[in-house]
Amino acid sequence: QDDMRIALVVKALGIGFFEAAAEGAEEAAAELGNVEIIYTGPTDTTAEGQIEVINSLIAQGVDAIAISANDPDAVSPALQRAMQRGITVVSWDSGVNEEGRMMHLNPSSTPLIGNTIIKLAADHMPDGGQVAILSASATATNQNAWIEAAEEVLPNYPGIELVATVYGDDLSDKSYREAQGLMASYPDLKAIIAPTTVGILASCQAVSDADKIGEINVTGLGLPSEMAGCVVSGATESFAIWNPIDLGYSATMIAHALATGAATAEPGAEIPTGRMGSVTLDDTNTAAMSDPFTYDASNIDQFKDIF
Amino acid sequence: MTDTTRFIPDRLQSPLERRLKSWETLLLAVAVSIFIVNSFTSPYFLNAWNLSDMTFNFTEKAMIAFAMALLIIAGEIDLSVASIIALASTAMGAAVQIGIGTPGLVLIGLGVGLICGAFNGFLVTKLGLPSIVVTIGTMSLFRGISYIILGDQAYRGYPSDFSFFGQGYVFWVISFEFVLFAIIALIYFVILHNTNFGRAVYAIGNNPVGAEFSGIRVARVKFILFLLTGLMSGVAAVCLTSRLASTRPSIAFGWELEIVTMVVLGGVNILGGSGTIPGVVIAAFVMGLVTFGLGLLNVPGIVMSIVIGLLLIGVIALPRLWEKWKS
Amino acid sequence: MLMETDQKSAPTGAEPKVPVLALREVTKTFPGVTALSEVSLELFPGKVTALVGENGAGKSTVVKIMTGIYQPNGGQIEIDGSPVHFPTAQDAGDVGVTAIHQETVLFDELSVAENVFLGHAPRGRFGLIDTSAMMDHSREILDGIGASIDPRTKLKDLGIANKHLVAIARALSIDARVVIMDEPTAALSQKEIEELYELVEELKAQGKAILFISHKFDEIFRIADSYTVFRDGALVGNGAIADVTEAELVKLMVGRDVSQIFPNRERNTGDEIFSVDGYEHPTEFADISFTLRRGEILGFYGLVGAGRSEFMQALFGITRPSSGKVTIDGEDAIIRSPADAVGKGIVYVPEDRGRQGAITTLPIFQNVTLPSLDRTSKNGFLRLAEEFKLAREYTERLDLRAASLDTDVGNLSGGNQQKVVIAKWLATQPKVIILDEPTKGIDIGSKAAVHEFMAELAAQGLAVIMISSEIPEVLGMSDRVIVMREGRIATEVTGEDMTPETLVRHAAGI
Amino acid sequence: MPKQIFTSREFLLTGAIVLLLAIIATRFPAFIAPSNLANVFNDTAPLILLAIGQMIVILTRCIDLSVAANLALTGMVVSMINVAVPGLPVPIIIFVSVAFGALLGMVNGILVWKLEIPPIVVTLGTMTIFRGTIFLLSEGKWINAHEFSEPFKAFPRTELLGLPLMSWIAIAAVILFSVVMSRTTLGRAFYAAGGNPHAATYAGIDVGRTQFWAFTISGALAGLTGYLWVSRFAVAFVDLAGGFELSVVAACVIGGVAIMGGIGSVVGAMLGALFLGIISNALPVVNISPFWQLAISGSAIIIAVALNAQANREKGRIILKRAENAT
């Protein structure tokens, strides 16, 4: 009973990105010693599913919950109850509203991601043209924030026209169909930007099925291991992602620091994150981990076996 | 064959004997065994607060399940209940935006539930359409309206006293939802088992034509049952919205099948004609105990659903297998 | 095929030939009921054997065993003297045993040809069904029995009599050696019945063995060569029809003497209590008006399909008339539903007992109190003790036979089910009771009880309307008779004019 | 005869589809370009395959809620086989998917046939059990595009005479099952067993066994679709095609299949599927927010079932001579 139990709650089990994050969490646990990681989450990306998971974690009296939320508001009351019962709650990746967590760890800064995803597309469109965004579910906070940021920087890229934003709900088949719809509705489309690992893969598939490799560039955020095929086939020139292992690692480190009292979550606080250095909280108790990293044909082979 | 009037006893079997041999007894045994197993497998199980938390896993669904049980006993079904929750919740959310207070919100939630129930009831009883298809249609329609209204947005900002319905406690660990659940269970128990209306429900479920020919207003009774189911969905919408403190169109997605499962597990014949409220109450506890017990062991929800699926088929199949094996 | 000729189990084995089909000490039990106990039966080529017995004697069960629908629990079936098994109806058909069942067992959504050939359709290339051959064959068979029905029409578009002809065609579509007819004339009109008799003669001439089941003695004596009587699932007698009288048969069936005499009633009718004025419906009936007095029994006669049931169901609020007026006890009554009708004191005992009359899966007492719950309950809350009391009062008056009041009605015999339905309505203390074919399919013993009972109801001052298609019953029971034809009143007769000839003439429109 | 063709459900539905296409064309002419229509058909192929199976099941008075879960489980199984033995030729994969799907269907069928458990309960149970099994098999992990072998992914997209094989499979299934349903004993037995189960026994048809075969066919088609689905979208995971069973039932209802059994046709089921497929493909291109889709398909179901009921309404008996002449 001396072990500290930290629960890593993800949007849904089985998604490569979160599996990698769990790996990072285990790494942190090994480094810290005396820490047990409970990797859990619902099987589909619903808020109700996450609430049931949170309830059972409260019942087990875990020491800390680190959550990537399916809905920033719906899970908040449950998390508040967790905090009332003395559980440390942090969110990471996809945030919870301010009442529902002590701090939030963004994988990267939102403006940076917004800029990156547009830039990835623009780099391969010297003459400008139409781009469209294929997002995850319409309720995913992080996606929405990035898209908003991307729209803000759009004026910096003259000639790039954002024609539509559609939602694939992080379901491959739905994303695939949405991508098809985009190609049908916008025959001149030059790029599909999918800031989600499921969406980018599905778009890639849709573009190669439509024989539009070379005409339409699929880009956005994806995992090197999953995207290797797309890069080889040429459907994707380049894409970006931060390292999910690092993200899981950092979230665990932060949760541990807060739960042991080694650090407090307050604006301006600096929290150590082991091998990742440290993060600094802003006035909404939010911190950013690191910059996204871009992958293309030149470096994909090096990373595809890692995550 | 004699021609003298013979005495016919009221009953052959005493009510107690009948009860002991019933489905409810079997189910209760299952529930108790799960309870015992749970207390051995997890050290956190036997804790008042945790047990109280457990009830949140089923109270809202069970409220609807009671009304659904009556509907299924009468030979109909309503698959749109979860979508009614979504629509009622959306309406409440919209009302919050124009500054309506808690009492108004509750009325709106219940009102939308009633309207949706009336719509289903109208299609089934006035137009004579099969309820299983009609409510698959309204299931898409009601939730679809929520999507049209909300799209990718969410309503939040519910007044703080509104949170009582889904998060409040009445006495120590006894939550408001649980009390409401108990009261509703009692009301439905009385309606189904102790009133003329309940008797009509059984009669209709056993033979709608015969009931009509016996002077029962079949269409009216069915319409009321759809209204009640809509109303209970409204009540559940109030509780759930309060518990989540926000509304999205995807709220309560997939609940309809869990509710039907609860009703069937409770011994209600899916083809109509038989079933009891105590059965449904015990089934609610069984499902709550299974999901919570496995949750404490951090078993993923999908694995719990395997257990529920096996229970559903198992509790119906085993007695039949037993009979076959015996003969 | 060589057979041993001595049949030890045959009860009276003076027949010269080997039976085509024989049952040897066949037993069939259902949970709680022994439907047949060690019965034996032999059918010979070119002979018609009549099977008679009270309701529930086990006649239809024998048919189902012979055609592979039920499996016997003991004993065996023999074809040409060698034992056989019929796991499904198909297997019975394969050796040439075919039946016209008591219920019409056909498919509304399929074509006539498919109804005739379902399960044994002619095959063409690749083993696929040869549709055109099927059409041709069905047309031949239908023509053969004098039915001009297009085999391509869907069955649901046919009238009841034609459906019955399709059922007969189906039975003839396999090259049968044994043809079984379970109450084939129950749903047919006189003309069609005559045609059926001709068909039986023809089949007989072709050397087919025929088993004929009927409750009507006149037809048994007309077409059968030999008889077999069942009582309570056991064989109680058989022999040549020429050696037996009707009274002897009845006695064998019931186990006691029964007279076919109708109860003697004092016909003292009271004031007018009920009147119908100008009842109309767009497709079912038109221009119906009549009055009814307390203590009177009004008979409704007509051919099957004359619209009597439809009209009565409109009176009872099941269907809505397009115009017309009902007055009860001098007051106008608006009837939009059965609930309204019951409220006004009009009750209806339907023809279809199992579906419309009783709720067979609910206990007796709940059936009886269903329309009277307002009286047994308090503020809408049930009081079981009151219910049992009410149920007991009325079921005892009708001398119901049942194990207990909480037995499901479905477990009772047909006659007792009818009593439950009547008890249910008497408990509401009605003014007018409508009985639709109250003795249809009821054996002779129970029939007399029902007649007795109707007389008693009238004596108590109820106004009784009785639909019946049996002339002796109509004449024997009614004070007055209305004859319906094609949805209209053909005539109304009383007293001296109530003769079989008048009724038939007006019913048929000749 | 011509009158029968013009008033047939299939004809009316074709009319409705043409009308729908015409409306879409006014806003987005390119939608009715043959190549796009071919695309829409290809996209709808899985729904068509499943709707054929579901139609047969509904014909026999059953319902199969486990089709989507069967699809996902079979899809996961063949994906894992492909990952383990990448060299396995596609025909063997297809054989495995059909056989495995059929096996799952047989599980439903046996429970319905031998234990006489109501189909809705059986398939509700197996639905969750199948899904859970995928989780247990895969440990919740997804299988992604890069893990599949190229031939595995290429099969449904391979073009033959300008259409992908996936479309050809759907076309072949429509033709094959049209023949099976109209010209084989088993096909007619489906209609008979559902149209009048009582009479079917008298005609020598084993109703339970017929239902068993219906579930087996439905399962086999779901299994085949499972392979096509995972190879087309190049992904396999637990929630694959989640909730799709309701679209399948909806397609049948729109296609004129009577939920009470005995009425329906392969072509009708296909048209019903196409109707839904066209709507879901058209909404994005005619610039209606996708959030409208749910409400639109819900309304389509309600309208379709209302029209079907109107067409099937018992006309009542015509006794009066004058009424007979009038109609």
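Should a chain be cited, it is by its letter among A, B, C and D, assigned in written order, with residues numbered from 1 in that chain.
Everything that follows uses one rule, which is that a contact is a pair of C-beta atoms (placed from the backbone, for glycine too) under 8 Å apart; a residue touches a chain by one contact, two chains touch by 3 or more.
Quantities reported herein were computed from a predicted structural model and do not represent experimental measurements.
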Shared touching chains for chain B and chain D?
A, C
Measuring between Cα centroids, what's the chain most distant from chain C?
A
Would you mind pulling out the distance in Å between where the CA atoms of chain A average out and where those of chain C do?
74
Distance between chain B and chain C based on Cα centroids, please, to the nearest Å.
43
What is the distance, in whole Å, between the centres of chain A and chain D, each centre taken as the mean of its C-alpha atoms?
36
Where in chain A do residues touch at least two different other chains?
13, 43, 167
Residue numbers in chain B touching 2 or more other chains?
151-152, 254, 300, 302
Hey, what residues on chain C touch two or more of the other chains?
none
Every touching chain pair, please?
A-B, A-D, B-C, B-D, C-D
Which residues of chain B touch chain D in the complex?
123, 127-130, 132-134, 136-145, 147-148, 150-152, 249, 254, 257, 260-261, 264, 269-271, 300, 302-303, 305-306, 308-310, 312-313, 316-317, 320-321, 324
Which residues of chain A touch chain D in the complex?
12-16, 19, 43-44, 166-167, 171-173, 176-178, 180-182, 184-185, 187, 201-202, 204-205, 209, 225-230
Quick one: in the complex, what on chain D touches chain A?
28, 30-31, 36, 39, 43, 135, 138-142, 144-146, 157, 229, 232-235, 237-242, 280-281, 284-285, 287, 290
Mind listing the chain B positions that touch chain C in their complex?
1, 3, 5-6, 8-13, 190, 194-199, 202-203, 206-207, 209-217, 273
Give the list of chain A residues in touch with chain B in this complex.
13, 38, 40-43, 46-49, 51-53, 55-56, 58-61, 71, 73-74, 76-77, 81, 138-139, 144, 167
